[in-house]
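For reference, the structure is listed below as structure tokens.
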Amino acid sequence: MRRPWVIAFVAVTTVAIALVPVFGSAVLIQYGINALIFATLAQSWNIIGGYTGYASFGNSVFFGLGAYGTAIAMTQFGLPFWAGLPLGALLGVLCALLLGLPVLRLRGHYFAIATLGLSLAVAAILSNLEIAGANIGLILPLTRADGMFFELALALLVACVLCVWWISRSRFGMGLIAIREDEDAAAAMGINTTLYKTAALMLAALFTSIAGGIYAYWITFIDPASAFDPTLNVRMVIMAMFGGPGTVLGPVAGALVLSAVYEVLANWISTAAALLFGLVIVLSVIFMPRGLFALIGGIRRHGPGYLLQNVRQHRL
Amino acid sequence: MLLAQIIVNGLLLGGLYGLMALGMALVWGVLNIVNLAHGAFIMLGGYAVYFLFSELGIDPFLALPLAMAAMFVFGYLLQLLVLNQIVRSAMLNTLLITFGLDVVLTYLAQLLFTADFRTIAPSYAGANFTFLGVTVPGIRLAAFAVAWLLAGIMWLVLSRLPLGRAIRATAQNLTAARLYGVNPRQLYAVTFGIGAALAGASGGLYGMIGHLSPYIGVPLTAQSFVIAVIGGLDNPFSVILAGLVIGMAESLAALYLGPTYANVISFGLLVVILVLRPARALRSA
Amino acid sequence: MKRFFAMLAALPILLAAASVAAIADDDVITLGASVQSTGSQANTGRYYVDAYKLAVDTINAKGGVKVGDKAYKLALKLYDNQSDVGLSVRQYVRLITADKVNFLLGPFASNYALDDSSVAEKYQIPMVQGGGASGQIYARGYKYIFGTLPPAGDYYASTIEMMGKLDPKPVRVALVAADDSFDVSVAKGTRAQLKSAGYELVADEKYAENNADFSSILSIIKSKAPDVILWSGHETEALNFIRQMKSLDVNPKGFYAFTVGVPTADFRKALGKDANYAFGMSSWLPEPQLADPWFGNAADFAKLYQEKYGYEPDYHAASAVADVETFAVAIANAGSLDPQKVRDAIAAVSFDSLYAHIKYGENGQIVLPQVVIQIQEDKVVPIYAADFLNKPEYPVPAWGARK
């Protein structure tokens, strides 16, 4: 990201997006809030999955804890949103610290499964807790402030992108990449892998749980099924992978593009949307397994034959 | 006595769970593919038995092998044409692509079969007998027996038949297996087909105990997933045993904690076992 | 690279263009809804889609809706929310702001109605929904949500009343309910009513929704030897419960009843003979006594629906029709399309429809008694509503003793 015009472009786009609540339609704002939240989820996944190489399949646990933390603070203790949100974030980060430590000892497949299991277990526990409204969930106070939610989600995304950008240029980030490429070698070189991995997970948890808190207040109603929705994990991972994991802007681009695709399909073709979306996923994994940016770069360099080359590289 | 009944319930339920997980464990252990569409295969197998029973009047237990054959072909083609294309890319990609497949298959099922629920209801569906004060539902006992039978057949195939040896060799070292003349594309397809056939069998049995709809897949995938991990991917019998463990745990939890804790137990056990089993944990992806 | 970024920037602009309002037709009143046409709730969602369409077509055929001295036609704008609550909320926002529909109809199921009604309240557009019964929907003090399904807490009221008049009178009751909003409301209300009527609650079990296995609960219940089992949950679970009841040989001495499933045709079809003797309830039956300004009466409606769509309607469909009719009546009464005025008209409405006499309570929810029904020889027979309508097959024979 050294070319100045890229930075300028990003800055201009951000300002343009920030102006959407002023000039855009209500539908666009709704779509925007959703897309921005997903972009944050994909980008924070990028920290633990893309840079550190620990592909978590359970980040939804942080999203859910953030949502519930905020909701419980607001509905059971009467606190305002600005107090509830940090509490939700605290819950998410604590979870990353306490449960992350044992789970981060696992690698590859098993880490992914353990995180997924964790997310489902926490959801099941919450559905039994009265303070969380058991399986019925909680109803938050209604506000009509979509513009505020939009700017909040955008601010969160910007913060997350800046964090990832910092990671990409810092020693911490180099350490994460080293862990991703060869964890044993990294440890041998003196990197405290446990510290780095846990810090990465906590950072991912921080942004994800704040996103959860914003979501809870925006949608005014959460229950275990929606807050800990397991398909959230798949969607954030697909968005990050689609855009290109381990890059600064990849997951954001992936999230915005895929959200747009999904929204357009859902509203114009309606019923077949799920089918088409599934097909999009299947095709993109086959033809662009390293993401959109890699695909664009590849086609630029090798022409359309690049698509088949991808298949040839990864097929049996 | 209630406790005895609960224990028997758990064992019988666990048998079916184990059978469901068997196919997933095989595919995962050999092909390194975590098939998130596994539940959809169970569902499709169930529908196959349903149609064989309701349209052609074939007894469901006799229809099981037919449905398994159909699912084998389906799985074989799916692996050969689609999954083989991505097998060597990052493991995460297999999760994503099978997720996409699950979405597609569920949607197609809804289109073909509508959202109406079906039951496979032969005349003996509710039959039961009582033994020492415990009521044993007939179909569940049969499912339990089928689970052990199929696990036994799988074990025989894997340890005695040349096909089984080829499968195990490929699982351990693909390059070496190739050097010995194994055709990996075929072999992968056959293995995946077997996994699909096993899923289909469990679907047919499930349809006799519960109901079938295009949407039953996802919770079954989750359950199979938990059991496959706990049982380990090497030995079919240990998968069934893991199923029994989970079945028992859920039943006992329902009695002592409340039925809403079943998921807490299954997923909690999954995480705990993963974290406490260092040998498994250190095996890299 | 540049071209790619240009494409990326173009996307939101395309979306903005796409969200431009649909062209509004001058003498059409558009009702919008996001319903489950696909996904796990599509099985019941289709009753709403089909019923809305039939109601709109029938009302239009009979002259539409008169506002002042101008005749308007009704139109529908329906989205498929694919059984995804989040999508359903966004679709309601789109209906209001992009499609600029005049008024809103509802989805199926309480948790959808709960979320979607927040949108109606935010934008102050009246929504009349016939898919959610949970008390939570109406406990928030919202002014723009109305509903034609009676309060969940009262669902078993008629059944409990009937129990008092049965001979032999049941004493021990087992209650089983799912843990979602609707069923928790049912359980709460039922528990209170059982207590004040003096029944002994020997088992009170809660299960996680989407649970397919009831063997533990059934074994626990069997060990308590109840006279009556009262069950609340979703249709697919009711189906599993009955099958597993049979295979575990669980026989309450008196009867067993369900809040859903029993009135619905494909529930009975899927169970075949196993459905017999089951008690259930319906806020509606296709009786000729229920007169309707557009359809003649409920029996005629049922016949028309069956002819057009190939399957029998149940209370979901009738409730959906009542929602459309509510708007037709309220708009005509208000003499205007202004959302506030129509909202007030709905709150004051009182008319007879094929579903029931439509009058909404203070909080927006209709109050209707449930009719206790029983499946006898594959047919739904109304048994009790304030008094016995037909003879119940009671006590219910044990599974092994049935023909």
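Here the chain labels run A, B and C in written order, and each chain numbers its own residues starting at 1.
The criterion applied here is as follows: a contact is a pair of C-beta atoms (placed from the backbone, for glycine too) under 8 Å apart; a residue touches a chain by one contact, two chains touch by 3 or more.
What you are looking at is a predicted structure, and each value in this text was computed from that prediction instead of being measured.
Trainee: Looking only at C-beta pairs in contact, point me to the busier pair out of A-C and A-B.
Mentor: A-B
Trainee: Which chain is most remote from chain A in terms of Cα centres?
Mentor: Relative to chain A, the chain whose C-alpha centre sits farthest away is C.
Trainee: Centre to centre, by mean C-alpha position, how many angstrom separate chain A and chain C?
Mentor: 36
Trainee: Could you grab the centroid distance between chain A and chain B? Build each centroid from C-alpha atoms only and quote it in angstrom.
Mentor: 31
Trainee: What are the residue numbers in chain A that touch two or more other chains?
Mentor: 124, 127, 135, 274 - these are the residues of chain A that touch more than one other chain.
Trainee: Which chain C residues reach two or more other chains?
Mentor: Counting only residues that touch two or more other chains, chain C contributes 38-39, 179, 208.
Trainee: If you look at chain B, which of its residues touch at least two other chains?
Mentor: 107, 258, 260, 263
Trainee: Give every residue of chain C touching chain A within the complex, in rising order.
Mentor: Per the touch definition, chain C meets chain A at residues 1, 4-5, 8-9, 11-12, 15-16, 18-20, 37-39, 79-80, 82, 85-87, 89-91, 93-94, 96-98, 111, 114-115, 118, 121-123, 136, 140, 179-181, 184, 208-209.
Trainee: Provide the residue numbers of chain A that touch chain C in the complex, in ascending order.
Mentor: Residues of chain A touching chain C: 9, 13, 16-17, 20, 24-28, 30-32, 34, 124, 127, 134-137, 139, 142, 144, 219-221, 223, 226, 253, 256-257, 260, 263-264, 266-267, 270-271, 273-274, 296, 300.
Trainee: Taking the touch rule as given, give the residues of chain B at its contact with chain C in the complex, in rising order.
Mentor: For this pair, the touching residues of chain B are 2, 5-6, 9, 12-13, 107, 110, 115-119, 121, 125-128, 130, 135, 137-140, 209-211, 213, 215-216, 219, 250-251, 254-255, 258-260, 262-263.
Trainee: Show which residues of chain B lie in contact with chain A when the two form their complex.
Mentor: 32, 34, 36, 82, 84-93, 95-97, 99-104, 106-108, 184-185, 188, 222, 225-226, 229, 258, 260-261, 263-264, 267-268, 270-271, 274-275, 278, 280-285
Trainee: Residue numbers of chain C touching chain B in their complex, please.
Mentor: Contact set of chain C toward chain B: 38-40, 42-43, 46, 179, 205-208, 210-213, 215-217, 219-220, 222-223, 235-236, 239-240, 243-244, 246-249, 266, 270-272, 274, 399.
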